[in-house]
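Multiple structures are listed underneath, in structure tokens.
Look for subunit A in each of the two complexes below; its partner is subunit B in the first and subunit C in the second.
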Partner chain A sequence: MKFPLPFSKSKHNKEKAPEETAAPRKDIGMMTPLKMDFVQLIKDATQDPSDLIVKDIPPNITLIYIDNLVNDQVLTDHVISNLQKKSVDTPDSIKAALSIPEINASTRLDVIVKSIVTGSVLIHMEGHSQVIMANIPKLESRSLSTPENESQVIGAQVGFNESLSTNISLIRRYIVSPDLCNEKFIVGRRTNISVALLYINGIANEQMVNTLRQRITDLDVDSLLDSAVLSEMIDDNSMSAFPQMLLTERPDRFCDGLINGKLGIVVDGSSMAIVCPQSFIEFFQSREDQNLRWQIATFSRLLRFTAILLSVFLTPIYVGALTFHYEVIPQAFLVPLSESRALVPFPPVFEALLLEFIIELLREAGARLPTKIGQTIGIVGGIVIGTAAVQAGITSNILLIFVALSALASFTTPSYMMGNVIRLIRFPIIILAGFWGFYGIMLAFCFILIHLLRQTSLGAPYLSPFYPPRLKGLANSIIRLPYPLTSKRPEVARPVDKEKYKPEPIKPENS
Partner chain B sequence: MKKYRFYFIILFLPSLLIGCVETNILDRVGLVTLVGYDVGKEERMATTSAVREVNPEFQSNVEVVTTENSTSKGNRVKTNRKLSKKVVVGQMRVVLFGEELAKDDIHRYIDAHLENPTVSNSLYMAVAEGEVAPLLEYEYQNIDDIGQHIFRLLEQNIEQENMISSTLHEVGRDLYSEGEDIFMPIIKREEELVELSGIAIFKNGKMVSSLRPEDTFYVKLIGGNYKSGTFETILTKEEIPDDLMKNKPDEIPIAFDALTSEKELKLINKNTPEFDLNITIKTRLTEIYPDVNIGDPKTVKKLEEAISKNLSREISRVIAYCQSVESDIFAFGDKYRSSVRNSKLTKEKWHELYKNMKVNVKVDLTILRSGVFE
Partner chain C sequence: MNNTIQLSPKDMINAYLLFFVVHSTQIGVGVHGFQRIVYQDAKHDAWISVLLAGLATHIVAFCMIKTLEVYGSNDLYGIQQDVYGKWIGNFLNSIYILYCFVAFFSVLRNYIEVIQAWIFPGISTWFLSITLLLIIIYAFTGGLRVMVGISFFSVILAIWVIPMLVFPLKFSTMDSLFPILEVNIISLLKGAHSMTFTIIGFEILNIIYPFIKDKKKTSKYTHLALLSTTFIYLSIMLVSIMYYTEGKLLKTVWATLTLFSFISFPFMERFEFVAVCFWMLIILPNLCLYLWAAYRGMIRLVKVSSTKFVWIFSTLAFFGTLMVQTRPQINTMNTYLGKAAFYIVFVYPVLLYLITMLKKKFTSQKEQNNEKI
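Now for the complex of A and B:
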């Protein structure tokens, strides 16, 4: 069961593209052959913006376009010069005269208006009601750069940028295959953002493609500013703190998902792409694991899992042990622990929450501040606040180590969204540990475990391969198996083609 | 929504219970690391506890507090009256009994500790020679924390297999099994040090006698398996083979280490009862004086036989002594009970049988090597 969502998912499909072939209704405005009427119609429909340019080309041609949306170079070189040089007398001859790939004609006002806001030049000819739309958009986008949030040492260093076409060309460079399907949708009643659904035909599960396609087309929202918003809208449980779809800015990570039968979504204007379905454990696997030797990759994977456990449970265990269960503290720890806490006036739970709060404050400040000041904040936080807090007797230095360690550990998660959740769930666990000790930790653990068991990602079980157990997948999730042993794709996405290659028995090398 | 409201209520109701939990914040409790029991002068029980307290001045100190009352819980209340911090027993590592008290009955003390869930089952129990209070209250020059010190003393000796192990778990098990009696190390103050001075042996929870610390080796040899022990023995004149060397000395002291042993116990006659005890020892010779030609296999063979004979004699002596005080610390009774069907063994019945028990000890010692030297 789901909570009612703030946006409604209507049952009817939205129109997919501006070209609507249905018969025009009465309320839709039609074009007129008169030039003055045509200009007035367009001005009314577009609220007469200051950058709307109306340009006459004698004897009878009128151009209308939005200055900031069209490519000036193409406009002068290909449109205006051609119209001036070549003799044109009908709309069809205009179409033939222009050497522009995307060129359409229509008489319907809504189609024409939609076209002008996507960067078309409207070409009207006195005496003809048909309007030619030559699409020559000028799309500003930054150049490709390295992924800021998902850096890796070994492997490709290119990240997505905010342009949909650039991103798809990046993906097509990794997957050179005619089987790569690319479906385009327009989402957002007001903002009309392009969304592309990508998958590899023959690997991706058709049922999942249908589900995802329907979820996107059923969306009835007025705007869509980022793929993160889209992923929260279309995932299985929007009320859960745990992300069920992977957001990545790495094309190689995205394509790795596609190869394993997953589906990808790229949103125009967003530098993060969505990969789904995604299981819980896959959020902790880095793409770099595939690039490193398997022993080293296994080591860093185990390191990461240890880090997650430490991050979630270290501070709560400290709180629980010091508040209730002094029996479990090893004897060698007794003296250092109690001596470091001797001056602290608060109970351990308050002390821990205070320190965690400071760390989170530093993180948030560091994320908001410009990069150069951010470093200063790091030094202020790490050295000044940390040392001063201990010397002032507000916290114990052992807890300071624990909290710093768990904050550090939470940043090893290769997915920023998941790392945030790991840091968030620590707080209720600390509070419960302060209330009821280890019993409280156990309660919180069970609660989280049950919650995770109930989650699905595009219908696939979230805790797979732990539950339902898939032994081969389990081994390859916790350690990174060498390639000869991983002939099968992961089960999460229920791929149609289950095998990457036909496994051959490994022959022992003759030495 | 109604369903969720129900869940939220269920989730938030327990938070009303947070005041019901008793907290033991580490720096606000006094941790008892060692507790000793004596027979009180006025009341039934005198308790001496070593309590570790943490001061705000970044120093921890140990208070030794003696109180008298009729129960151990009552003594804890009395101890609390003398200390600024709540006394808790969850970090207790050692329990000591005064000699007089041990000779009375320690049954109820072991019960009291077993019944308390906060008390660790791996704490060590020992008997103090004389009374516990003076042992703990003495101002040792080099020992800061007497509780910690005695714990480390016991722990390292037990781990090095120099002393028998007597954790609360083991003592509780032996006390309640029909064919076994308990035994504990004895400790005493030796000037500025604390020393393990023997083994206290019990019959039905009452200390009846003690063995010398040297006999620990034989008790452990009979009781179980050595993994890496050390021991020394002295061959007397009669035991030295005639042709071992030319000028036969009066005695030959020998030391071994890296010793592994296996024992095999078999009941061969259930009426007497009579046991066959075969002990196989593999060891390394480290010290022998005067020099014997160890390079010669024949000599080694003779030496092995001589030592085996010596060990058999010593083991028989220890068993015979324990039989004379009716304390079966070797668990022969357990073997009897598991070998005889429907034996319906009780402690009394076994002690009757134990007095007349016969044990045929056979030791098979092999010297694997004789150390390395240049």
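Now for the complex of A and C:
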């Protein structure tokens, strides 16, 4: 049970990538000792951008860098001033003179070009073909802020931002352990985006790590702009509407996954990190459930599950019952129902689809607009359109309640990606209910059940711990068990170390 | 025994899942209206007939498991090939495949009939048939893991139906049960025999046995499943006898559904509308596993891919549903299937067990003789 060393793997990748990208472009692979030739080579290789700065430091040193990529302060304080003050005569002495942690030397053009676009200053000395690359990148990133899409009341209020190094430092703050493995990959033939694979050695399942690593290295795309794209590319079934990997912007949720033996992926330039394997039920669990007392957390979990069921099936049942099965509606309820529908000219299915469409329209408009206007739109939509629609007699107010309720319920899903699916699958079910009543609803239910049974997440069954059934895991997914009872990690990631702790301390109390 | 089935642990299922498989294949369309058929023979002692039938399932399952244990990791098809030789074995295998097809078809056709009779009188048979078959094909192509998963969920998600039997109890009287044992033993046995169509399904054990991971626990979970099935049938039967008057029960085709029909909640009445639709989930494992059982047999006879097989099978079943249309036809089909199933499921396994035992004794004696020489 030994993992391959993460270091060797990442080095291997770093070396491999430039060969593929730069080699076909330039045949001349080596540097020259002459200053003029060197400058020309670099200009040719980088397409002579307007922000390429060539700076001479007498007597014989030339600096080349891209203005927008390097940190100006470090450049003046550490590089230029040191080169001017100290006497340097060989490339090695330059290396010694500069107090910069990441500094390399090479004579290969492809390596050098690669280095300059990642934010290095190239230092060339007349008469030497070796070029010094001092990496002082200007890392522009947003300051840390609260997670916008996964807010919670109790718990840490920090979210990932778009910088890979910041994100990894956030994760390392939660998991202070030498066992935290961090493998780096370069993905995207043209854009060369850094992707980090994180897991805890000794908990994570080796087979799963290998599978995921294989999937990332096998990926042959020219660009990678977000982790959401990556997760859709590498998950088990890209054709399914259900996400098989969790996208989260919360470092604590991410680390919670790692602790339970899951694997995490962080993509540079993306504020969402991937956690996998993820089972279906885990999409409906919030990190906050762990922070609240177990009774409260259980209550809100049950509330959420009820909400999901309502959200998916309430409107279809209304449509099915009103179109075909009047018999199932109790008499006392039938009167207000028929009164409210007396003026409505449409069949129930059309009425429901119309209202659902309006709600989705409001949500979409709210998501695209700035926050303040979005709120206004919500109020306008909710109150004005809703009331007007009922008064105009195109919908019944009971359906309005149902539709609003199911929309509200769908937003309780702690994962935005899964919330979207919950809202989406409602539409086909409403249509089926409109044509074939409860039979249609049941068809859809069976189809979804079989579909979910067929899915896997990184090879692990998607419906775990429901199927295959794990009693403890099952109890802990529906309600939140108190901590003395949850000494085992969830089964979904098939962790190597199955126990979080030894459950001995509570035994004396019980006996 | 060169035709044993070798499987990797990944394709196998845990023994406790067998409980759900056996239980879910036993309960299907039969439960809708088995009371009338049993009542015809055994009158108000019908519940004893249910118990007898349950007892018979235990005995037969015991024989089945003993036979399978002799062969280690093999299914009925392989055993028949081994016991009777290639030709007779394959002939019997074909009969078993045909039986699976007819059982599949019968479940499908009965369910379609129930939907048409109770909810949608106007809906066309071909539509119901196609939608159900498509769902089954989707499940079948997912493999055994998915099908066993459906069995599991069909049991778990249907548990809430059982407490519904409490509602009719308000209008029942215990007096209907007495005097106990009024009819003679022959009638009781006849009644138990009529249970065949309702209680079959556990013969899936013959086919699924090689796929079980820890085979030692097979009998434990199988008998547990049979016990719970008998318990459910028994409670439904008892409630029915207590609720209905004699003449009424003899005229009610779907007595269980009629029991459901007056259950009401503050938010819902006429529970049978929900129950009939919900029954789709309960018959799904029946359909999937009969289909799968037929497929397992078919690949022993001819080389056929699972996709090709499932489409041919479904097409045949589809045209079959169009041909068998009226209630008398369906009833005749059920009766004949029940008769055939009695011999295939109840009589034959005991026979096979005896033959296997004799053969085993014979071969071991022969080996001993060989060693002596």
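Everything below uses one rule, namely that the second predicted complex is superposed on the first by the 476 of 511 C-alpha atoms of A that agree within 3 Å, B and C clash if a C-alpha of one lies under 4 Å from a C-alpha of the other, contacts with A are read in each partner's own complex, and residues count from 1 in each chain.
One rule holds in what follows: a residue touches a chain if its C-beta (ideal position, glycine included) is under 8 Å from a C-beta of that chain, and two chains touch if they have at least 3 such contacts.
Every value quoted in this text rests on a predicted model; they were computed, and no experiment measured them.
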**OP:** Report clash or fit for the pair subunit B and subunit C bound to subunit A in the combined superposed model.
**Re:** clash
Original post:
Is A:Phe438 touching the first partner subunit B, the second partner subunit C, both, or neither of them?
Top reply: second
Original post:
Does subunit B (first) or subunit C (second) touch A:Pro348, or do both, or does neither?
Top reply: first
Original post:
Given the touch rule stated above, what does A:Ala367 touch, subunit B (first), subunit C (second), both, or neither?
Top reply: neither
Original post:
After superposition on the shared chain, which partner residues are touched by A:Leu449: those of subunit B (first), subunit C (second), both, or neither?
Top reply: second
Original post:
Thinking of the overlay built on chain A, is A:Pro468 touched by subunit B (first), by subunit C (second), by both, or by neither?
Top reply: second
Original post:
Of the two partner chains, subunit B (first) and subunit C (second), which one does A:Val153 touch, if any: first, second, both, or neither?
Top reply: neither
Original post:
A:Ser338 contacts which: subunit B (first), subunit C (second), both, neither?
Top reply: first
**OP:** Would you sort A:Ile329 into first (subunit B), second (subunit C), both or neither based on which partner it touches?
**Re:** both
**OP:** Kindly point out the stretch of subunit C, out of 221-229, 239-247, 329-337 or 365-373, that overlaps with subunit B after superposition on chain A.
**Re:** 239-247
**OP:** Could you pull out which residues of subunit A sit against subunit B in one structure and against subunit C in the other?
**Re:** 324-325, 327, 329, 331, 436-437
Original post:
Of all residues in subunit B, which touch subunit A in the complex?
Top reply: 3, 15, 18, 21-27, 29, 31, 52, 54-60, 88, 90-91, 93, 118, 120, 148, 151
Original post:
Once bound in the complex, which stretches of subunit A touch subunit B?
Top reply: 1, 321-327, 329, 331, 334-335, 337-339, 341-344, 347-348, 435-437
Original post:
Which residues of subunit C touch subunit A in their complex?
Top reply: 14, 17, 115, 119-120, 123, 128, 131, 135, 138-139, 142, 145-146, 149-150, 152-153, 264-271, 273-274, 277-278, 280-281, 284
Subject >> Interfacial residue positions of subunit A with respect to subunit C in the complex >> reply: 324-325, 327-331, 333, 436-439, 441-443, 445-447, 449-451, 453-454, 461, 463, 466-469
